[in-house]
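Both of the next two complexes hold chain A, though its partner changes from chain B to chain C.
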Partner chain A sequence: MDAVQTASRQRSPGYAGTSLTGLVVRITLLGVVAALAVWAVLPLIGARSWIGVGVVAAATALLFWIYLTPNKRLPLKYLVPGTLLLIAFQIVPVLFTLSTSVTNFGDGHRGSKDEAIVSIQTASITQVPGSPEYDLAIATGGDDTLVFILSDPATGRYWAGDADGLKDLVPADVQKGLSGKITEARGYTILTAAEAAERSQEITDLAVPVDGGGIRANGLSKAFKGTSSRAYDQACDCVRDSVTGEVWTADPETGYFTDAAGQSLPQGWQVAVGLDNYTRVVTDEKIRGPFLSVLWWNFAFAILSVLVTFGLGLLCAIALHKERLRAKFLYRTLIVLPYAMPAFAMLLIWRDMFNQDFGLINTMFGLDVGWFSNPWTARFAVILVQLWLGFPYMFLVATGALQAIPSETLEAAKIDGATGWQAFRRITLPLLLVSLTPLLISSFAFNFNNFNAIQLTTGGGPFAAGNSSVGATDLLITYTYRLAFGGQGAQYGFAAAVSVFIFLIVATVSVIGFRRTRAQEEIYR
Partner chain B sequence: MRVKIAGVAVAAALALAVSGCGSSDDKADDGAKGSEPGLVIWADDKRAPVLESFRSQFESELGVTIKIEAVSKDLQANFVTASQGDNAPDVVIGAHDWIGNLVQNGAIDPVQLTDAQKTGFNADALKAVTYNGQVYGAPYAVENLALIRNTELAPEAPSSIEDMVADAEKLKKDGKTEELLSLQVGDNGDAYHAYPLYASAGGYLFGQKDNGDYDPSDLGVGKPGSIAAFEKISELGKKGVLKTSIGSENSIPLFTEGKTAYLVSGPWALTDIKKAGTKYDITPIPGFEGMGKATPFLGVQSFFVASKGKHKTVAQEFVANYVTGEPLATALYNADPRPPALTASFDKVKTTDPDLAKFAEAGAGAPALPAIPEMSAIWDPFGKAESAIVGGADVKDTVEGAATTIGDAIKK
Partner chain C sequence: MSARSKTAGRNWWRHLILILAVVFALVPIVFVVSAALNPQGTLSSTGLIPTDGVSLSNVGDLFANTPFAHWYLNSIIVSGSAAFISIFISAIAAYAFSRFRFAGRRVGLMSLLLIQMFPQFLAIVALFLMFSEVTELWPAFGFNTLSGLTLVYLGGALGVNTWLMKGFFDTVPKELDESAVMDGASHTQVFFRIILPLVAPILAVTGLLAFIGTINEYLIANVFLTQPENKTLAIGLFGLINETNRNANFGIFAVGTLLTAIPTVAVFQLLQRYIVGGLTVGAVKG
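On to the complex of A and B.
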């Protein structure tokens, strides 16, 4: 702090106001920034992503300018990193989600059309029936061109094959090692496995043209004569099968090659689908129907989670706030313990404790309750788990806030004749809420999307018979997770559209919440 | 000053974040210049150490350096994502039912096996890795469910489910066991473990085309046969043979603790059973009396060649010409005892491990787990229908509801 004051007092150019350690640290960190920028830029240059290069360069230059020039721009030193972080961690993901939500990005639609075509063609390469299986050695010819040295063990013949075709080799020019591998061929240089590995792409691309197909490498030691039966035809924007004569025409709407009967090839590509994903959320009866019932439980879950944890946490905090209490530290440690355990594992353990026949809870109390098979007991159970997991946090923050309340205020209240309850209701609680409401709101927002709490315990269940898409304890997030990923593979585009809806709901609730807090703060000020 | 340092540190973190975004955008082939050529293999955390122990042997025989990376969670999803970016591995080891999804995402290439190599494999395993007429992986281990029974409690293998239930009920009455059968269902069901019973009672998931491929347009769930099959499953639920309270987390412990005499599980259960010292025998899962065989699904662990790997030729060499050899298959078995898919290797190890032959017998005639992408639409609704029915729900409504959900998902 004093260093900052000194620095701002001495507005001399250069670093007169900064200590040597400060300077060294600053230069080191800026060096790290520069190194990271270079590290980030190299692949971007490789990808010819000039916009990316520009963004990195501009951000780096900005940081250098701010931190290396004299202290005139002091506020910027705090503002700029914060803003950049906000952009990187908040705005970019939101924009990315938005841009994904207008595509059909998902399983079967991940790559570009070109990638789909390559994949279709590669998948259709088959060995020509009855053709020989060749032994292969990868070699290079005179001008470093790739050559396949082939031998047919059945006939004992040898060839050299390149992009132009096959050439017979005299058996005497070829030598084989003990294992039968071709080790030498006159006029060619045999590559080692490591050398061949470096030219992997070239080897994959080479098909030595022969009658009825091409000889392709199958690994480094075998080759086969294969044909690619499916090929893309630019003229009709379709894929044609040369064996069966089938034709699949590209459909830019769905991102699939589809035949006349409506059957598609499995390999599709990513296309823009406009607002289709949003319309699906709003119009699909299976999604719209249960949406409201899921939404009310989602609110109930989030609000109850906050209320019960806050209630118990506050109670414990008040109980332990007594000055004269002995072994306070021990109690506090015990209360905080659940908070210190990994929630992930605890959720699974709680799930097992609720098991109807073998769970601890039924065994201990001699019950036979199917906790997760009735909607209300399941809801009760997940709230109970939330309570156990969440109250230590509330206890911690409430303890902190209680200690910040000046004891004079409460003493004054006592002198004025207030009862303990009145003092709590009129003084302690309002003062607590001023500082804790933002935490309660963020806890609400967190629990609103508390995927693990549901997925790892009930999995959204119990489900009504015949309806496996929505369960009684489903939150919007678990429900949409099932919609987007539980059906046929991952549908990221659709999932992104649903996320936008959830984001809007949470954002609205939070904005209202914070508005009210501000109003409250003004009252108590 | 401290504040300023914090600011720069934040800026450094930011630059890191920016560069992180930058490199993931990077789609160009940087050719891995300067990095040594080699082969990158991805496997789950159980198999990676096994392969790691063979690494130096692979390296000297293949003549390239090899890097084996363990991906402990969501290997398939991670592999598909990596294939989109620039960091795909060259070889991936996974279950054959990933093939449909990996192919539609252009993540794997067919493996060209010679006829001689093909005949070396268990025919069912080879069929499992064949998709749209192409072989997409080199199988190395086959696994399926079987009935494992405690021979001290139940010396005789049951001939039918009814037979087994009668024996189990007697054991329970005598106070020797607490549960009739341990077959995992769980609150949300388990389609994989339910399938043998479903198949025995006449249900099927997908019809088959003439060439043996599964036909997604012929959905068996919701057909009269499936409703009849779930009626039988419902009866087992009412008798307490199947219970939603038995799930993946407690099905094997129930058996090893002697609380039940019968367990339906796969080779992975043997480690725990042997550790517990339970005397056991492995027999085929019995079918319902007078009905079909209770065939489990066959799962085939395979090596896949990645489409987007940087060293595809080496990967092909490794998968097509190296993994298919008997020495490696046997060595993999020794490190992780699962029935080898290579017949020569299977024959060699079955003399020392009688369990293998028993599991193979239990899996005789078992259909391969469907690899078509549409299969992913089945798991969740089918499982939940099973769980609801075991819990006593109306069979027809539940199955028809599940059929609608599955049908809608497939149409999408």
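On to the complex of A and C.
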């Protein structure tokens, strides 16, 4: 292998040096890169993100190193732009997903332990008799964050408070209206009652942290300083409720504060759970059962999608593969039309065509079938939709491949006495498959994760009575989507582990497929 | 039938297959056209053929009640620039994979395919967290900007398209490069003057695939663009037929669908002579 590479490297031609135009273009582009880098670094310095500054500096230095030396590192010169984008917007997100798959990241486990404690404390702030009260105006700061403008009627002092804490305001900066309401505060925008009402949930949730508790709104024009009844105790690593005396102890395994009876507070934090998410897929009966049933349908869906679209596409291509066929151009134009229609919209149109009450399919054939309420008709329907969306592409691909088969080969077969069918079966089809297998495999991989095809039509359904987690047409990816973003609370960590499984399955099948094709040799020659 | 089969001769079976395929291909499209022309504009009143007369009232409603023109422009800008730039990025990478031999070439090619097989939608959580930071630091590329969305789409520039291109580049004989180098061409001149003109068909095909892919993209755009005027066609149209308005808005949705198809059909017609040849790796004999 090494010997082969060295040999071919020696064979590679000696390119001429850069021309004047090339030099000018290169200097201009590197100038743009430098300007962009400076533009990108300034906000990073402002935010004191030294790691960010380092990354930008390193990337810029790399680009200069690669492009400033003529006729060296040629492959890198051509690969770097795409690779940088690939790393930033595909590999980093995938690595992030991998890193969350060994945590319990999800609803109730989003932040750190400190954030969970703050959230427990502010959630328990209550007004007790004698709590100080303030006049309140709801305002927004520069970037549309909610700010409480507070005034103490007794002392005449003013504050601005947000989730980070209180800040004193100079009385001269604050204007009061006739009714005593605050109407202006320099640097803030006071919201009207209607604007404030729109954000009422945010207002209720905001607690301005102060010593021993926090300030919360009480309606839209009053605020009170309350004390939190629950406080974290470093000594016992627990949360104690000063009113009821209950104690919740931190459990570093699950990322929850749990009391003696095993009840947890809803606010938890993100902890590493090791391979728990992975073993859950394999061992937990509630997960493994659905996973396997989804898996076989997922394979059937992907394989059938490829087979039916390729079958019909090839049939049309063969039918059109004839010189001087009447209306050839018209046929071709009409057959590729579905390919030009926006797929997402047509999936929704198909969904409505299968509607039981006023869908086109039932009215056209005088049926009354609830297509999406029976598992098998629903599966038939989604495959039919796949066929419609996909066969024009296969038709185009097969047409191109048919034209590439030398006509002498087929004529020779005819002379040897082969019938039309024999010639097709023994010569045309094998030749087609050699050139099209890579495309068929990537079509399989695409359809294996074809989220839109299911989500926009059946939504994974029909669901068996009493089981809303797995539907009959669910693919692994739609099933995982509901795990990650679904109604029962987001479980990113677990969903990430499932997507690693999906990746391993698709990648294995595809790699085997590629290895088995002769196209491989051509690609790697 | 007998008169027909006489004129069609031995090709009758070809016509039969093709007519059936055309009917299958056209039924949903005719249905969309019928819904677009249906003056009532509801799903329940739409048949395959308009029965209550035809009108263009849905077109007027679409433009009057939604920022459709904005969506349209946004989609053209994002899909057009993402397709154009990603084809360029992909083409230079394919040139490297096809013409140079270097360490990591095999691994690089295989990784490009494998990365695409990771279920990307989970990465949306990561992209969301990333771009929350970006929005703070560089609002020009943050949420609700077309430039940010385009940038994310460009992350997928290297992928299946690079493979298709590389396969096609391989069919251009190396002797062409070598003789150009003899005549004193630099590697960039070989790429721009010799290779690019010869691989126009595959550029057309991958360009079209990239365009169709981004104009249909829904999940990422939905996270990125939240303000009504900023939306692309995919999210805008999808929002029209949410659960409550599914029946009532069907007519204007159908109009939107047909108008969305126009740029794709136009690009398709423009590039048609390249497409059949370009879709198949090695279809052009060297």
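As a working rule, the second predicted complex is superposed on the first by the 321 of 525 C-alpha atoms of A that agree within 3 Å, B and C clash if a C-alpha of one lies under 4 Å from a C-alpha of the other, contacts with A are read in each partner's own complex, and residues count from 1 in each chain.
Methods note: a contact is a pair of C-beta atoms (placed from the backbone, for glycine too) under 8 Å apart; a residue touches a chain by one contact, two chains touch by 3 or more.
Given the structure is predicted, the values throughout are model-derived calculations rather than measurements.
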Problem set entry | Touching partner for A:M346 - first (chain B), second (chain C), both, neither | second
Problem set entry | Contacts of A:L44 with chain B and chain C, given as first, second, both or neither | both
Exercise. Looking at the overlay, what does A:G22 touch: chain B (first), chain C (second), both, or neither?
Worked result: both
Problem set entry | Which of chain B and chain C A:S510 touches, first, second, both or neither | second
Exercise. So, A:C236: does it touch chain B (first), chain C (second), both, or neither?
Worked result: neither
For this session: Figure out whether A:A404 sits in contact with chain B (first) or chain C (second), or with both, or with neither.
Result: second
For this session: Considering only the touch criterion stated at the top, classify A:N355 as touching first (chain B), second (chain C), both, or neither.
Result: both
Problem set entry | Contacts of A:A88 with chain B and chain C, given as first, second, both or neither | both
Exercise. Touching A:L275, do we find chain B (first), chain C (second), both, or neither?
Worked result: neither
Exercise. Just which bits of chain A does chain B share with chain C as contact spots?
Worked result: 18-19, 22, 40, 43-44, 47, 49, 52, 77-78, 81-82, 85, 88-89, 92, 348, 352, 355, 357-358
Exercise. Contact residues on chain C for chain A in the complex?
Worked result: 8, 11, 13-15, 17-18, 21-22, 24-29, 31-32, 43-44, 46-48, 89-90, 92-93, 95-96, 100-103, 105-106, 108-110, 113-127, 129-130, 136-138, 151-152, 154-158, 160, 162-163, 166-167, 170, 177-178, 181, 184-191, 212, 215-216, 218-219, 233-234, 237-238, 241, 246, 250, 253-254, 256-257, 260-261, 264-265, 268, 275-285
Exercise. In the complex of these two chains, what residues of chain A are touching chain C?
Worked result: 5, 8-9, 12-19, 22, 40, 43-44, 47, 49, 52, 71, 74-75, 77-79, 81-83, 85-86, 88-94, 96-97, 100, 312, 315-316, 319-320, 322, 325-326, 331, 334-346, 348-350, 352-353, 355, 357-358, 360, 363-364, 388, 391-392, 396-397, 399-401, 403-404, 435-436, 438-439, 442, 445, 449, 451-452, 477, 480-481, 484, 492, 495-496, 499, 502-503, 506-507, 510-511, 514, 519, 522-525
Exercise. Which part of chain A faces chain B closely enough to touch in the complex?
Worked result: 1, 3-4, 7, 18-19, 21-22, 25-26, 29-30, 32-33, 36-37, 39-41, 43-44, 46-49, 52, 55-56, 59-60, 63, 67, 77-78, 80-82, 84-85, 88-89, 92, 107-108, 110-111, 115-116, 118-119, 122-123, 125-127, 133, 138, 192-198, 200-201, 203-204, 217-222, 224, 226, 266-268, 286, 348, 352, 355-359, 370, 372-373, 458-459, 461-463, 465-469, 482, 486-491
Problem set entry | Complex contact set, residues of chain B against chain A | 1-5, 7-23, 25-30, 36-39, 62-65, 77, 80, 84, 100-101, 103-106, 109-110, 112, 114, 132-134, 187-188, 243-247, 249-250, 307, 310-314, 316-321, 373-374, 376-377, 380-381, 383-385, 387-389, 391, 393-394, 397-402, 405, 408-410, 412
